[in-house]
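Note that the chains are named A, B, C, D and E in the order they appear, and that numbering of residues resets to 1 at the start of each chain.
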Amino acid sequence: MESRGYRWSRRAIGIVSLLLVAATVILGLWITPPDVVQGQLVRLIYVHPPVAWVAYLAYGVTSIGSILYLWKRTRNLKWDLLAAASAEVGVVFTGLTLITGSIWGRPAWGVWWTWDARLTTTALLFVLYLGYLALRRVPADSHQRAVRSSIAGLIAFIDVPIVHQSVVWWRTLHQGATVLNPSLSPKIHGEMAMTLLLGFITFTSVYAWMLMHRYQIAILEQKVLDAELDQLIEERRREPDSQYGEARPANDVGNIDQPSKV
Amino acid sequence: MWRDALLIAAKDLRIEFRSKVTLNLILPFAFVVLIIFAFALDTSPGTLQKVAPGLFWLAVLFSSIFSVDRAVAIETDDNAGDGLLVYGVDPGGIFLGKVVSVFVQLFLLEIFLLLGVVILYGPKIGGWLLMLASAFFATIGLCAAGVTYSQLASGSRAKQTLLPLLLVPVVSPVLLAATKAWQDAFAVTSSLGDPWLRLLIVFAVVYLALGAIFYSSILEG
Amino acid sequence: MLSGNFPILTGLDFEAGPGEVVLVKGRNGAGKTSFLRAVAGLLRITRGSASVLGVDLVANPADIRHRVGLLGHESFLYEDLTARENVDFILKATRSDMSKAGSSLSSVGLTGRLTDLRVSKMSAGQRKKVALAALLAREPELWLLDEPYAALDSWTREFLDSALNSRVAVGATVILVSHEAHHGSLVPTRVVEIGGGKVINDVSGSDLYQVGPQVTAQKRSGHVA
Amino acid sequence: MWRDALLIAAKDLRIEFRSKVTLNLILPFAFVVLIIFAFALDTSPGTLQKVAPGLFWLAVLFSSIFSVDRAVAIETDDNAGDGLLVYGVDPGGIFLGKVVSVFVQLFLLEIFLLLGVVILYGPKIGGWLLMLASAFFATIGLCAAGVTYSQLASGSRAKQTLLPLLLVPVVSPVLLAATKAWQDAFAVTSSLGDPWLRLLIVFAVVYLALGAIFYSSILEG
Amino acid sequence: MLSGNFPILTGLDFEAGPGEVVLVKGRNGAGKTSFLRAVAGLLRITRGSASVLGVDLVANPADIRHRVGLLGHESFLYEDLTARENVDFILKATRSDMSKAGSSLSSVGLTGRLTDLRVSKMSAGQRKKVALAALLAREPELWLLDEPYAALDSWTREFLDSALNSRVAVGATVILVSHEAHHGSLVPTRVVEIGGGKVINDVSGSDLYQVGPQVTAQKRSGHVA
């Protein structure tokens, strides 16, 4: 069962997340000023980059979990479950990135969607981890599933730096590195920068809370499977009698005891 | 490992040579794709020349899916892959062997396909060397990722559909980079210092390394 | 030992030494095939411990594989290669003596046009013979035979028995699954019955109607849990 | 024959439902194809809207190859097809059953895919009725030709590559007609009297009839 | 009869009537499987003439098929369907009595979790049992069994023999390929030996060590060239 410490920290993070979300909403919608160029639209900046960043973070956690599972000395099914939980949350956040981006794109660029490199690679990221989740649904024993999906998870992560670099490698419509630029000096200032920072913290905290929940569910599912397994083993061991009962002809038993029946 | 790789590659190529899949079947398929594209996109010849590299690599991508699928199917039919494990063949060797055999087939295919593109779409080609080098590394990347994923998907009964789903997103950066490299090669001023070529080399190395490292875990798992 | 989430083997405790011929019996679905695959290092053991010929099956199942010769329900052959090419490939892969390929093929009765016939064209029994020829040429230490007699004609059955006898005489171990009452010249030194994934009966040595061929002194243990 | 067709369709749909290939795998694959096409062709949004019908039908074509391949593979695994013959199932019924089961899957797929095209490429749609009718008959044509050829190719060991080679040229008229019909449907002035729709109906009827007539000879051959 | 360009069957002249149990023997590759497939109307006959149960195999091979029950080296099952679904499908396809599905499955020992297990998860013997259950529920006129005992455990062998005996008693014909020496309760009325694609030995009735069950009077001819 869930340990006490885990439960309390999960709840604490939940409450903190709630407060942070409220603070971000207030700051983002009322306190900060509209942009000179973009007007009210700019408020999406407090959501869109943070959810994209959290998606990266989630896939990073998936990769770490995968590596820890693949490395024999740290091999433990928990790492695989953690990786899977994080990938699931990551897919949700990638979806949010796509949605908020589209909503932003409609007024900013005049289209919901365009074949810009950043957008395309983000869509690929989404599909890559959907593929990861599809691979996990292929029936296999838990070790086999863990190995296969860990490898797929690691290879999929290669796309994350590509998404990040896409604005540099391809000349694109999408915003260049404004916040997470190489020199780590944000190109926006004052209240906006603070609110954006708050947004990052908020969504990271929401991610942590979702991850802990999902992971807990995965652990419980595994416990149920283990319990079922013990029962199955018991049934399996009783099989020769239960399967045929009295119908089993006597000469069969004789046959096995005395292979001498030449 | 190298010895095993050669052994596997030789066997696979012999099986392929016997069934003549690449030459007799995949190649015409790739041509049909080229022609269909040209029809479906229904644009003027000028556009076709511009998109020729993209179409070429799309055709190669689809062909590669079939090739890697076959390469792995050779071992899953009649459980021959279990046999390989029992014979003590090195899994890294199996991986490399399959990559080599698929590479040889795909590279041959690309040569013929290129002829097709030149004849059908008539683009001007500036930098042959850049084209060759980028095709070489792009194909290695495709093969390495393809063989790895094909093995990953092989446990599933719906393998043939799971494979493209998993593989296409993974190799699409390779596809994009190769397309860009060829577009550069089609331009008059092109050099081997092309950044796309460098990207392709990185992909080839990364996918080869990942495959060689993890293939044994996949086979065992 | 799990397949999906189903426990196939639930507890086996079993040893075999060189020169032993173990006959594994059991109802359909008892777990005989899975047992052989586990011994060959092809099925992962999820709980408990197991070792074969001194190799730990849980930690490094791969180490046992090349010492094992497995003949399963499937024959592990490449359908598009000929009999000869298949055997050659197997011998190369196992780094065995290549010169024996021809003689072992003809010893099972595959000569003339049959050596150059693709396996896909062969009858059920002929395929089994190809797999058998490869095994004979390889001479593994531990023979795992899953219903080897099925599909073989009586001449080949006799031949297989005598070939196995000569291997056993020089210290090889044979684990054999068969549903048929035995009439050939291969006499098991031990009969193990499997049911519900566990050993339910293990009769050996003097309890059998006849004592098997000499069991050599230095005993390597094959222990599978 | 109708009874047998229903029996086969029900069985195939149950097997498909169990492995959930279409929903879980082919659909995402089709999306990936849409994305890849758009990016590889690297054109401005205006062009994409224009070629959207072509891309849609190309994606459907590729998906249909996988679907019909699976539909026939169900019978060739473990020689189940021989079983059907021994049970005295009418070959025409087998054919119709498979066409129905593939049709149901493909049509579902097209609905989702259409949503994707609308969202991703953003075309304007004038005549929904024409679109629906032409999709209906084009899909029938695709399925009928696909099942027939898939059975034709199934004897070959290189089936997976032989099938597209045979099938793609045969259905490309359907593909072109469907593309044209959709282009008309995207225009504001469109009616059900569209000549391309009529062509699609002809194809559907011809391929269905040919399949129903010759399927038994193919199975026997 | 050709496969590619190779003549598999080179000349068989053979009849069987109702109530007969014909045991077909022969070396591996003799053509036994091909012979059964020809009788079932699945292999086309290129030269000569052949008829089974009064149906001309050259002109309309399709007409014999639904009267035949064939159990081959492969089992003709759908791997993704469960045992029960497979049997149900076969019974529906052959327009047989659906109600027998459950009882015939349990008669071969497939009960409980096994009826709802996908065939892909089953052991070799369990698959064969599913195919057998379908045959038993169908009750065909002509049983073509290609090594039916392979992979079956001894209990199921006994059961199969007695089930066949009761079918034969009401006029069914059984043609059986087997390499095993017979010990079960199914006694062949006739033994045909095939070699090199032709009949090389045909011993029947009183020449056999034991006379089979009653051969009914009205003889339908099964003649395969």
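Annotations
In this text, a contact is a pair of C-beta atoms (placed from the backbone, for glycine too) under 8 Å apart; a residue touches a chain by one contact, two chains touch by 3 or more.
Computed from a prediction, not measured in an experiment: that's the story for all the values here.
Chain centres here are means of the Cα atoms, and by that rule the chain farthest away from subunit A is E.
Distance between Cα centroids is largest for the pairing of subunit B with E. Per-chain Cα centroids separate subunit B from subunit D by 26 Å.
With centres taken as mean Cα positions, subunit D sits 47 Å from subunit C. Subunit B and subunit C have Cα centroids lying 39 Å from one another.
Rounded to a whole number, the gap between the C-alpha centres of subunit A and subunit D is 34 angstrom. Residues of subunit D in contact with two or more other chains: 19, 25, 28, 32, 39, 42-43, 157. The residues of subunit C that reach two or more other chains are 3-4, 6, 27, 44, 79-80, 181, 183, listed in rising order.
Multi-chain contact residues of subunit A (touching two or more other chains): 124, 127, 131, 134, 140, 143-144, 243-244, 255. Across the complex, subunit C is touched by residues 139-141, 143-144, 225, 228-229, 232-233, 236-240, 243-244, 255-262 of subunit A.
The residues of subunit E lying in touch with subunit C in their complex are 3-4, 6, 26-29, 32-33, 73, 109, 114, 121-126, 128-129, 147, 149-157, 179-181, 183.
Interface of subunit D with subunit E (complex): residues 4, 7, 11, 14-15, 18-19, 74, 77-80, 82-89, 216, 220. Residues 40-42, 44, 61-62, 65-66, 68-70, 72, 74-81, 85, 89-90, 92-94 of subunit C are the ones that touch subunit B when the two sit in their complex. The residues of subunit D lying in touch with subunit B in their complex are 19-21, 25-26, 28-29, 32-33, 36-37, 39-43, 47, 51, 54-55, 57-58, 61-62, 66, 69-70, 157-158, 160-162, 164-165, 168-169, 172, 175-176, 179.
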